[in-house]
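Right, I'll just put the structure down here and ask away after.
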Amino acid sequence: MREKEQTGEGKFDMLMKIEGLSVAYGTIRALDDVVLEVMPGEILSVIGANGAGKSTLLKTITGITKPFAGTIVFNGMAIHGARPDKVVKLGITIVPEGRRIFPDLTVKENLELGGYPITDRALKTELFDLVVTTFPRIKERLKQHAGTLSGGEQQMLAMGRALMGNPKLLLLDEPSMGLSPIITREIFSLMRLINRDRGISMILVEQNAHMALEHSERAYVLENGRVTMNGLSREVKSSPGIIEAYLGV
Amino acid sequence: AKDVVKIGLITPLTGDVKTFGESTKNAFNIALEEYAKTGKYRIQPIIADDRNDPTEGANAALKLITQDKVAAIIGPLTSKVAIPVSEIANSNKTPMISGTATNPKVTSTDGKRKPYVFRACYTDPFQGTVGANFAIKQLKAKTAAVLYDVGNDYSKGLAEYFKTTFTKGGGNIIAYESYQKDDVDFSALITKVGIKKPEIIYIPDYYNKVALIAKQIREKGLKSALIGGDGWDSPELIKIAGNAIVGGSFTNHYSPDRKDPVADTFIRKYKEKFGIVPDALGALGYDSTVILLKALDSVKKITQEEIMTALSSVKNYKGVTGTISFDKNGDAIKSAAILKVEKDGFKYLTTINP
Amino acid sequence: MELLGYIFQQCINGLQLGAVYALIALGYTMVYGVLRLINFAHGDIFMLGAFIAYYLLSRFTLPIYVVFVLTMICTALAGYIIEKVAYKPLRNAPKISLLITAVGVSLFLEYFLSLKAVFTPNYIAFPRPFEVEAFDLSLFTITNVQLIIFSITGVSLGLLYLLVYKTKQGTAMRAVSYDKEIASLMGINIDATVSLTFIVGASLAGVGGILYGIAYPQINVFMGVMPGIKSFIAAVLGGIGIIHGAVLGGFIIGLSEVFVSAFLSSTFRDGVIFVILFLVLLLKPTGIFGKRIDKV
Amino acid sequence: MNFFWEARKVILLSVLIYLSVKAIFFFGYVSQYIEQITLYALIVILASLGLNVIYGYTGQFSLGHAAFYGIGAYVSAYLTKIFSIENIFAYIPILFISGAAAGLIGYLIGIPILRLRDDFLAIATLGFGTLVRVLLDNSDKFSEVFGGSRGFVGIPRLTTFELAFVIVIFLILITHNLIYSRYGLFWRCIKNDELASASIGINTFSMKLMAFTYGCFLAGIGGALYANLYTFLHPSNFDILKSIDFLIIVIVGGMGSIAGTIYAGLIWVGFIEGLRIVLPAEVVDLRWVFIPLLLIALMMWKPYGLMTKSRN
Amino acid sequence: MNALEVEGLEKSFGGVKAVDGISFVVEEGKTVGIIGPNGAGKTTVFNLITGFYRVDRGRILFYGKNITRTQPYKLPHLGIARTFQNLRLFSNLSVFENVLSAILKKDGYNVVSSVFRTADYFMKEGKAEKKARELIEFFQLSGKENYPANNLPYGEQRRLEIARALALQPKILLVDEPGAGMNPREVQDLLQTLREVKERFSLSIVIIEHQMGLVMNISDKVVVMDFGEKIMEGTPGEVKKDKRVIEAYLGEEFI
């Protein structure tokens, strides 16, 4: 990881800046020259069709996938190509696609793993309290094996686990997938709550474009690995091309 | 310049019995070195590894015979490799002497003699029988237990003939137990045998196994006398087993304190060169090589046929492992010495003639 | 009474053997748990431990506890290096390629160390640091060697349990064993965790090697093969990846080997082990404590 | 028949290979030794192909393949010896009987153990392999002919180059046809996902059993050819280490690749025997130091095997 | 005629009743939707019908024939096909092979034909390949026949799974959350496809789905589950208005 690359004016207003990011799986280009900025405290949504590269974008930010070109600067530090565990320690955590909690561990152990990078005990306790108060359902089930939770509860656990890492930036990959309408709404309002109370920035990747645009301030549209549009969510939402391609009638 | 004669050595230089293969190879080299000074020919040795695997042994034999065109072969070490090799050697009319393969089937299959195949060691029936006779006549034992390695034909062969002879001689085999090649824990067997309190325990195996077994026998407080076969013959036996093996006795080819110049020279040279005292397998490897070299010198022309004939008529060759003649089966006729294990080495006890 | 004493005595014999298997099985289970790899070279690290201890004891006459510590350090280092050199480059390759590499490492260690210039192909007497003493407890006797083996296995098991279930590193190991990618997203350094697993597994193998040398005082470069395979079976029997499973498996195998020899014939002991294995796996296809995750 | 028409290229190629190999032998460029190891390589390829069907195609991890190879070998040895077979035409049915015997035992043992998965199956098959080894070690208790741990001696030498070549090519063709038919497709489906296979109506159990039986059958034939080539059998030749040899060949060649198995079989025998020729006498014991190193290097170079394209 | 009848189905996992006395009927040619909160037991019902889980109590009738506890692999032959909630494609096989495997399972030749390449082999293979291409085209996957299935984007994998199920020529199709991971627009396309499928293959369909836009539009009848029980059943219109359904599943804002 390189130390603060640029200290130019205004750079520090930005939480993260991605430039020219390109990723390929073998010969398949998944991301192509992506430019994206995240402001502190905002919820940013990324929408796009299947295979547009949304998950790839998040995976590349976390370091799971390595870009072949481009830069990601987070809080003044270049993090592209860094190992995931280092990135997490800088304050970027993720709620991965398909939840991927540890099914054989208890709910509590899952949360503890989320707090793995935190060494400060007091902070850890604070975060734990935050999670159990935000998700009272999780609190009831701390001793249960995570694999036996229902889909919605697993999603909450995945969010709780990500919060335990004390993120400055939280990445959410399709948090509503496979959830019932009522739970979906619950998850989104919890997300808003966390954003409001803790000032955590979020990148929200969603297929459910209605929901995503409704709950975010700004939005990016990804098509075949390229950013084709970005702007305020309300504007994006009313753009005819978007309605036609993603929102349906 | 001397004519060149190629001689092949097949022995396990890798694999589970590599250690024995190495001593054979060392002894083989000593014999060649000595010959180089006095012999008629310049010997070109070709050494092949058989990994103690019949397939590899057979491949190695064919390579030596059909590709390198050796005049004769020394080896292999174990019967399981020697048997397929002997088939190949015999059908290709290449003389072969194994120093150590004790299975009767090495020199003949289904009663048919393989004329090109010889061996410088005892066969299993011989040693097993001698061991049993010793137990009955000298030790006056009435009850015996036998522990043998079921996967090792040598061990199994000796055990069977011991059992037959001992029973015939009026003794009683009260325990006949086997273990496996890789076993190191014999406590169950020994506890089992121990409660029957046999007068003697016959352990026909190589020294490494014997040492472990003996140690465990004594640790379990058993007092039975231990006897065995030529596999015991290695200084390592006493080193590993220590006091546990002292007092045991075994059938063997020679006795180091017999004041035999041939053996003394060999042991001295071996020790100088390789830093350790040779085991019985080395000694047998040496003898078979020397027998072959002598046969080479005695023939008019180096043909495989001639060498074979020369070998068949070897009489009273005085080697490291005793006086050797080949019988009509190509097996060595030699008397068996009984050696006793003492703290500082093996001591000659008595000789039993076949 | 006679019979009872006999049975007790055989039990002790079986426990001794089982304890050694258990110690090796622990290493297998740990590595398997984290990498899903049957680390064939594990038995050879065990052998390495015995050899290192042999050199330390015979060349330097060090006190036994120093030998234990130094041996563990050496085998741990060997485990670490093997993982870094041979396994890490294949981290993303199919598990089976890794298995073949492990077989390669195992063969290499055996044949390389058996060279005269390195260790030796010979059977070597392992110098016991103390004399064997037997304590007669009327029904059966027990030796100091056995007591040492039991206590060291017990302590190792306890420490390992604490490490895996009570420390942060242990939680990390378990996380890595379920899902490496997600574990790394929890801030866990995968490479360090895998290394740690190998280090712990290999040092246990080192301890196993010393105990084995003390119990059966003769060592050879091929000594790790059979105990290795049997310990792996023990780990599977107990439910692979599960610490107490490995120990239970080790004792089951040790005891059944001994009892088959004691009441049947030693020829069939391997056969019987496998019959037991069959029966257990048919009833519980993932071993005694193994969990079955079979959600459609 | 379509069989021959479809296989025309392979058959033509085989005839060419046969003729050139024969010519080399005839003009004495190589010795009988080379002929023997070529034969041995063919046998190893056949048995490994059986494992490839079981593991490479169907995903059933077996560590007991050598046991079936051994069963074929012992059956053929026994039959050819007690009937003192000398005629090659009397030998052919025995070959197939030996293969069938190995297949039958594979079938019977497969019924209980093919319910197991992955490494658990591997351990169970390893167990079966050990059982067979124990039985072979004690086989002289059933009949003196088997020789137990002293080995089975005096087996007639019936395996000729022609016979082995024709049989192996024929069986490779059959295997090819099976694999490139619905059965091979189902096997690969099972390897990918058993539950999904069941959901499209594949009787996964019987298909696995079929692959296992067939794979064991090939191993059995390989074993039979081996027995009547080397004329001596020893139980230690059919233990776990041998099973691992077959596994190495399958993996090095590439799971699910017939050509890969053929190349890897040749390479494997080539390694072992080639180093024998290449290494000078003083360091022959380095042979088995190099082989594992070559193996490790090969796995790093081609982690998916020689003939499979790596994918991420 | 009833294609499928489920009567008093029960299933528990270690004390937890995942399905607790569910009954419903699927009339021939009709589409039934199953909705309910996460963990209500919907997928478990599918697994019970298709034999992947053993039924504790209850009966399943398929065209009047009792198929309770039939082994999974037998059901496709009777005419039941399904897809999985967590995609179960043959991920290393090509798109083409994924579809072909199902067709060849349905109409195959025997071992002798495959070994000796008889006329039957060529005829059946040819037919199967033609049909596979048709299906692939129908599901707009043409051009990707040779891609390994797991290289497809998620949505296309979902379509492929349905194509594979249809290759079995089933009488009834059970689909588990086919719209998961699709955007509203793609869900609309899927709805269209399913309608065509139903038309063209004259199928009955049972669909589990959380996306109301899909399930409410395609279903003739909706079954609502909660805690393993059926809390109501009715037309989409009725269900949307039901108080219990709103409370347990849809939420107030839905209206």
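Brief remarks on what is shown
Each chain carries a letter (A, B, C, D and E) given by its place in the written order, and its residues are counted from 1.
FYI, contacts are C-beta pairs under 8 Å (C-beta built on N, C-alpha and C of every residue); 3 or more make two chains touch, one makes a residue touch a chain.
Quick caveat, the model's predicted, so the values are computed rather than measured.
The greatest centre-to-centre gap from subunit A, using C-alpha centroids, is found for B. In this assembly, B is the chain whose CA centroid lies farthest from the centroid of subunit E. Our note on geometry: subunit A versus subunit D, Cα centroid distance of 52 Å, whole angstroms.
Subunit A and subunit C have Cα centroids lying 43 Å from one another. For the pair subunit B and subunit C, the distance between mean C-alpha positions equals 36 Å. Separating the CA-averaged centres of subunit C and subunit E is a span of 48 Å. Contact of a single residue of subunit A with at least two other chains is seen at no position. Shown for subunit E are the residues in touch with two or more other chains, namely 52, 84. Among the residues of subunit B, those touching two or more other chains are numbered 14, 18, 22, 150.
Those residues of subunit E whose C-beta lies close enough to touch subunit D in the complex are 50, 52, 71-77, 81-82, 84, 88-93, 97, 100-102, 104-106, 108-109, 111, 113-119, 121-122, 125, 148, 164-165, 167-168.
Partner subunit A is touched in their complex by these residues of subunit C: 168, 171-172, 174-175, 178-179, 181-190, 291, 293, 295. The touching residues of subunit D, counted against subunit C in their complex, run 61, 112-113, 115-117, 119-120, 122-124, 126-128, 130-131, 133-135, 137-138, 195, 240, 244, 247-248, 251-252, 255, 285-286, 288-289, 291-293, 295-296, 299-300, 303-305, 312.
Contacts from subunit B toward subunit C in the complex involve residues 14, 16, 18-19, 21-22, 150, 177-180, 182-185, 187-189, 191-192, 195, 207-208, 211-212, 215-216, 219, 221, 236, 239-240, 242. On the subunit D side of its complex with subunit B, the touching residues are 31-34, 36-37, 40, 137-138, 148-151, 153-154, 226, 230-237, 272-273, 276-277, 281, 284-285, 287-288.
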